[in-house]
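Order as written gives the chain letters A, B, C, D, E, F and G; numbering starts at 1 within each chain.
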Amino acid sequence: MESMNHQMMGYDRAITMFSPDGRLLQVEYAKKTVKQGSTAIGMVCSDGVLLVTDKRIVDPLVVTEAIEKIFQIDEHIGATASGIISDARVLIERAQVKAQQHQVTYDSPIDVLSVVKNICDLKQICTQSGGLRPFGVSILVAGIDPEGPKLFETDPTGIFFQYNAVVIGEGEEGIEEILHKKYKPTISLDDGLKLCVDALSTVLDDKFNAERLDAAYIKTSSKKFTKISKKELENVLKQVK
Amino acid sequence: MESMNHQMMGYDRAITMFSPDGRLLQVEYAKKTVKQGSTAIGMVCSDGVLLVTDKRIVDPLVVTEAIEKIFQIDEHIGATASGIISDARVLIERAQVKAQQHQVTYDSPIDVLSVVKNICDLKQICTQSGGLRPFGVSILVAGIDPEGPKLFETDPTGIFFQYNAVVIGEGEEGIEEILHKKYKPTISLDDGLKLCVDALSTVLDDKFNAERLDAAYIKTSSKKFTKISKKELENVLKQVK
Amino acid sequence: MESMNHQMMGYDRAITMFSPDGRLLQVEYAKKTVKQGSTAIGMVCSDGVLLVTDKRIVDPLVVTEAIEKIFQIDEHIGATASGIISDARVLIERAQVKAQQHQVTYDSPIDVLSVVKNICDLKQICTQSGGLRPFGVSILVAGIDPEGPKLFETDPTGIFFQYNAVVIGEGEEGIEEILHKKYKPTISLDDGLKLCVDALSTVLDDKFNAERLDAAYIKTSSKKFTKISKKELENVLKQVK
Amino acid sequence: MESMNHQMMGYDRAITMFSPDGRLLQVEYAKKTVKQGSTAIGMVCSDGVLLVTDKRIVDPLVVTEAIEKIFQIDEHIGATASGIISDARVLIERAQVKAQQHQVTYDSPIDVLSVVKNICDLKQICTQSGGLRPFGVSILVAGIDPEGPKLFETDPTGIFFQYNAVVIGEGEEGIEEILHKKYKPTISLDDGLKLCVDALSTVLDDKFNAERLDAAYIKTSSKKFTKISKKELENVLKQVK
Amino acid sequence: MESMNHQMMGYDRAITMFSPDGRLLQVEYAKKTVKQGSTAIGMVCSDGVLLVTDKRIVDPLVVTEAIEKIFQIDEHIGATASGIISDARVLIERAQVKAQQHQVTYDSPIDVLSVVKNICDLKQICTQSGGLRPFGVSILVAGIDPEGPKLFETDPTGIFFQYNAVVIGEGEEGIEEILHKKYKPTISLDDGLKLCVDALSTVLDDKFNAERLDAAYIKTSSKKFTKISKKELENVLKQVK
Amino acid sequence: MESMNHQMMGYDRAITMFSPDGRLLQVEYAKKTVKQGSTAIGMVCSDGVLLVTDKRIVDPLVVTEAIEKIFQIDEHIGATASGIISDARVLIERAQVKAQQHQVTYDSPIDVLSVVKNICDLKQICTQSGGLRPFGVSILVAGIDPEGPKLFETDPTGIFFQYNAVVIGEGEEGIEEILHKKYKPTISLDDGLKLCVDALSTVLDDKFNAERLDAAYIKTSSKKFTKISKKELENVLKQVK
Amino acid sequence: MESMNHQMMGYDRAITMFSPDGRLLQVEYAKKTVKQGSTAIGMVCSDGVLLVTDKRIVDPLVVTEAIEKIFQIDEHIGATASGIISDARVLIERAQVKAQQHQVTYDSPIDVLSVVKNICDLKQICTQSGGLRPFGVSILVAGIDPEGPKLFETDPTGIFFQYNAVVIGEGEEGIEEILHKKYKPTISLDDGLKLCVDALSTVLDDKFNAERLDAAYIKTSSKKFTKISKKELENVLKQVK
């Protein structure tokens, strides 16, 4: 009811406007875009960090291998996103450049938090300046720092949180429940992958198959972003079914 | 009903605005422009990649040979478009310059994906910045990379997908069905051309004739963008009828 | 009915806005301006290319010889326009500068298509950027290239087509019909002029006289833009009546 | 009725907007401003060119001699205006600077048409760019070129016409009729002045007197802009009454 | 009635907008501000030029001597204003700088008309550019040129007139009548001052006293801007009462 | 009633807009902000100039000594404000920089009027330019010039007046009456302080106590801005009660 | 009721607009955002200054240690915030840069007030310039100056106050009451921490636990910003329960 009133009064027509109860409605709408995006899971494991996503493609003529849903930002950092994927690409490309510049300038790899803050800075600007809309995308950033694996989520507001395990997109509610029950920080990358695939197939149900899966991990030992092959994913999918 | 409400409330009057359910309506309207555009087909074949389009011109005084519907971006890359053709030209000309710059800077041909991303970057900006409208055009980009032939579609949002075969524009629904049934990755350029022409003539029916056809291919062996002559197209058209 | 709805909803109040069915209404309105403009005909002949226009002036105190309706862009290129003539002047003057720059930079005359694309680039920008309106004018560009005579039409969208013969402005419908019946690519400049004058006098009827006529040709042999004198026009007019 | 509809729909609230029937209503309103302006006449005579205007001042405390209604642009070029006089001043001052620059750069006097085009360029921009309004003034430019005397009118659209004789402002309709009847290109400056003063006094009637008259001529022989003294004007007024 | 309609339709909400009858309503409203301003009189006398104003201050704690209502622009030029006084200050300060620059550049004093045009140039811009409002002030500029004393009024439109005697502000109507009856160009500065003070005291009536008076003159002989002391003003006031 | 109409019509929604009766409503609203601000008094005394303000703080955890209500602009100039205090800070900081620049450039202290004009210039701009709001603050500036103590008030319009004694803010009406009755220019700083404190305690009544008082003076002899200690203020408060 | 009217009239739709009663409604709405933010307490103690906040996180998968709610600005200065945390980050990062620049430029640590003013300058701009919204965050800044510990609050208006003890966010009303009763300037950091934790746990009640607590102090002796460990916080929490 109150929300209907806000709409009638037009408080949700510009990002440079607070509603009388102190909300930024355009930013809240952008978050809804994320909720309708394809599902993405991040997980810190005992031996590294893991990203698993649903590509959500059904057209058999699409080259599914080429779908960009998990992006490499630096040798030791990867990311995935849920929401408007072209928005994600803008942020990811900026982060890649930022990581390269850091490597060149300081002769050492960038830390994961700096990448996250860089993404959030631009996101915040787009919630405050007229003539732009907020980015309609949440991004999971995963990487290995000297202290170990790290996993962050950034939302359309430009806020970020560090997680042990997190899920965004349409499957969020169902999978979050599964993670709360089954995730433990001592889980290995192998078992983590099974947990993620199992969760995705449970929530997405019969719409789900190996074609739609995308996954990558970064081991704490090697610090190398590594895509998981379709074959491996098919194996995992067989095991969990 | 909900859509009607969105219109009454004005959520579809600016690209810098999300609707309460997290949609960018102006971008969705731009996609409708594409759906009404002339039909264009792209196809990856065993020996190269193929673009076939309907010029959709009926005035006999127009110099049909001169109609720009298939554009060369670089020696090994071509493109076609559906929607607002003057919008397409802006994007294609930028891509041509980008390809030349790459050749000069790196002394090697640009890869197809870089061209696609360049187009999508500008498209994304036009969905986020006030004072501009989204590009009302989808573009098919086809080319040969060291790994072989590649085919991409970019939509008004700035999202892209890699395809084995794809169709855009007014004939989309009918021809997609045909492609799903008859397309195989092992198809040759010759048979691919017949399939495309057959599909176009089936869907566009009696409005269709050889004058309206435009086609080009890039062979994996030669890596040279080559226009198919009117004569060849007439021959193919006879065969499929 | 649907159109009325679009107006009620305001989709036609800004160029940076698509209507729900994917149209740019402000650009469509600009095209109506052209339809109400004075009539202009272009024609490719066996020995050159021809432009004939109605000056549409009735005040006897106007110096009709001085009315600018056919413009020289370069020695070998001319143009005429229908719609808002002050808009045309802006585009023509830019084209003249562009042609001069080309001559100076490359020491060779500019080709007709480059002039046309230059005009269309600016026209496209004015259909996409807020704070500007579309150009309310269509321009016919005629010239001689190494391959022979060429004739183009550019519309307010920034789209162009190459024609053998074309007419724009208020007499468009009537004269198009005549051109479809009587025009042949083998026609000579002399006969082409008669055809154009005849068509104009038929459609504009008794409002028409020699004072209102303006015409120019560029011969393939000489490649020189040449205005046709009032005397010659009067002679032709006598012959066709 | 239709016009009322356009107003209800707001098509006349911004210059960057076409109405559904392809009109620029703000520019049309600006032309109404001109129609309400003080009357100004231009006339090409056998021995030069003439400008005569009504100062339209009735307050006896105003220094009528000082009212700027006829402006000198260069030694051989003058101008007068009808509509918003402060708008006219902006355009006239730009033209004066342009004329000086031409003299300095090319060491020869500027031709009248260049001055006219310069004025029209700025006028056109103000009909196309948001955040500006059209100039609410028409300007008559009169001067002597190597080929003889020339007279132009520029309207708020940025369109110009060359005239033998022309009138703008509130007395336009009445005086145009008189000019059509009595003007001949063979008229001398002396007789032209009488004709103009007679026409003004007929149309403006009893509101008219010598105080309100302003006039200037440029002889073809001397090419010098010359103001006509109050005494001469009084004499002429006596003769025509 | 018509005016009410204009308001309903919003033609008076922006300076960059003409009403359907060709008026700039925002500029007309700015003129109303002037009509409500404090009264100011300018007068050309036989031996110089005079400015007399009502300070319109009633608070006894204000330092009336310090109220800036008559401003010195250069040694030989003064000004006064009616309307928004902070607007006046902006224009006057620009004029002071302009006068200094002229003196330095040409080593001779600026003429009065140049000062007036400089003020009007800025005023005109503010009636044409969006994002600014018109200046809500009329300014009287008085000074001595080689040809003698001069007096100008500039209004919010950026139009100016030269006057022998003029009044602006709330007392305009009453005092104009007095000036028409009693002013003669042969009047001396002494008698002119009496006439002005008498006129002010008649119109402003019992609200008026010596405290509120401000006056300055510039003699043709000395060409020096000179403020008239409170004592002198009290004497004059006694004489006229 | 008329005011209600103006609101319905939207004349009060932008500073770049006059109402039909020539008012700038946004500036008038800004003045209301000042009327609701905390009370501030300025007073010229026989031996210097005085500023006394109400800090209007009731939270006992606030460090009242640190509340900035009286600002030092230069050694010999101070200021206080009523309205939006963060607006005041912007203007005061600019004035401090301006004063320093003057000292450095001319090797002499700035005069009080120059500081006042500097503040008013920025205030005026903010009443004329779109995209900014007027400053919602009035500022009292007090200082010693070679001619003696001076006191000015600047309002949101950018207008200033010189006063012998002045009060702004919520207590304005009550205290103005007291000043009119009891203030004399021969009053000493000591007696002036008592008068101000007495006036504040009378008007603010039981909400008032020594904690809330802030005061500073600049003696004509020393020309040094000096804050009055809490102890002194408590003593004065005891005397007046 | 009056507030409802303001909303109907749209006075709360832009920061560059005053309501008729002189309020900036968008800034007031921004303050509501702060009131709904997580609770943060600042306290000046006898031996230093203390910041204690509620992290307000309930998801057990979040890495609570990593939540940024207390920020270090310089070695001797810290800050915390309530409201939109991404807004806070923008302001804090600017302050960190400002502090570093000061250290480098003057070779001495920045004082706390300079940091506060820097934050408030940007906040004020965002309440006055169109196209930006106010910052929706209040920030507590705590640090040690040569004179001892200092604590400031800055609100969305850009106003700041110095406090001995202060609380912002959702628990404000309850905790303020507790601070008024129990806080004394002689309290030690140890006892202060207990008071803060006790107050938080009382107000937030059973939703509260050690995980959610974050705290830091800066001792007057060492002048070093120091985070309080989770262990210490758990101990304190046990003591107060």
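In the analysis below, contacts are C-beta pairs under 8 Å (C-beta built on N, C-alpha and C of every residue); 3 or more make two chains touch, one makes a residue touch a chain.
These figures come from a predicted structure and were not determined experimentally.
Colleague: When chain F touches chain G, do the two copies use mostly the same residue numbers, with over half shared, or different ones?
Modeller: different
Colleague: How many angstrom lie between the centres of chain B and chain D, each centre taken as the mean Cα position?
Modeller: 54
Colleague: Averaged over CA atoms, how far is the centre of chain E from the centre of chain F? Could you give it in whole Å?
Modeller: 30
Colleague: Distance from the CA centroid of chain B to that of chain C, rounded to the nearest Å?
Modeller: Spacing between the chain centres: roughly 30 Å.
Colleague: Report, in whole Å, the distance between the mean C-alpha point of chain B and the mean C-alpha point of chain G.
Modeller: 54
Colleague: Which positions in chain C are in touch with at least two other chains?
Modeller: Counting only residues that touch two or more other chains, chain C contributes 10, 15, 130-131.
Colleague: Could you classify the connectivity of these chains, where an edge means two chains touch, as line, ring, star, complete or other?
Modeller: Contact pattern: a closed ring, each chain touching exactly two others.
Colleague: Taking the contact definition as given, in what order do you meet the chains if you travel the ring from chain A through chain B?
Modeller: A, B, C, D, E, F, G
Colleague: Which bits of chain G are touching chain A when the two form their complex?
Modeller: Within the complex, chain G touches chain A at residues 3, 7-8, 10, 12-15, 25-26, 29-36, 57, 60-63, 66-67, 84-87, 89-90, 93, 126, 130-136.
Colleague: Please output the residues of chain D touching chain C within their complex, sorted ascending.
Modeller: 9-11, 15-24, 117, 120-121, 123-124, 127-131, 157-159, 161-166, 179-180, 183
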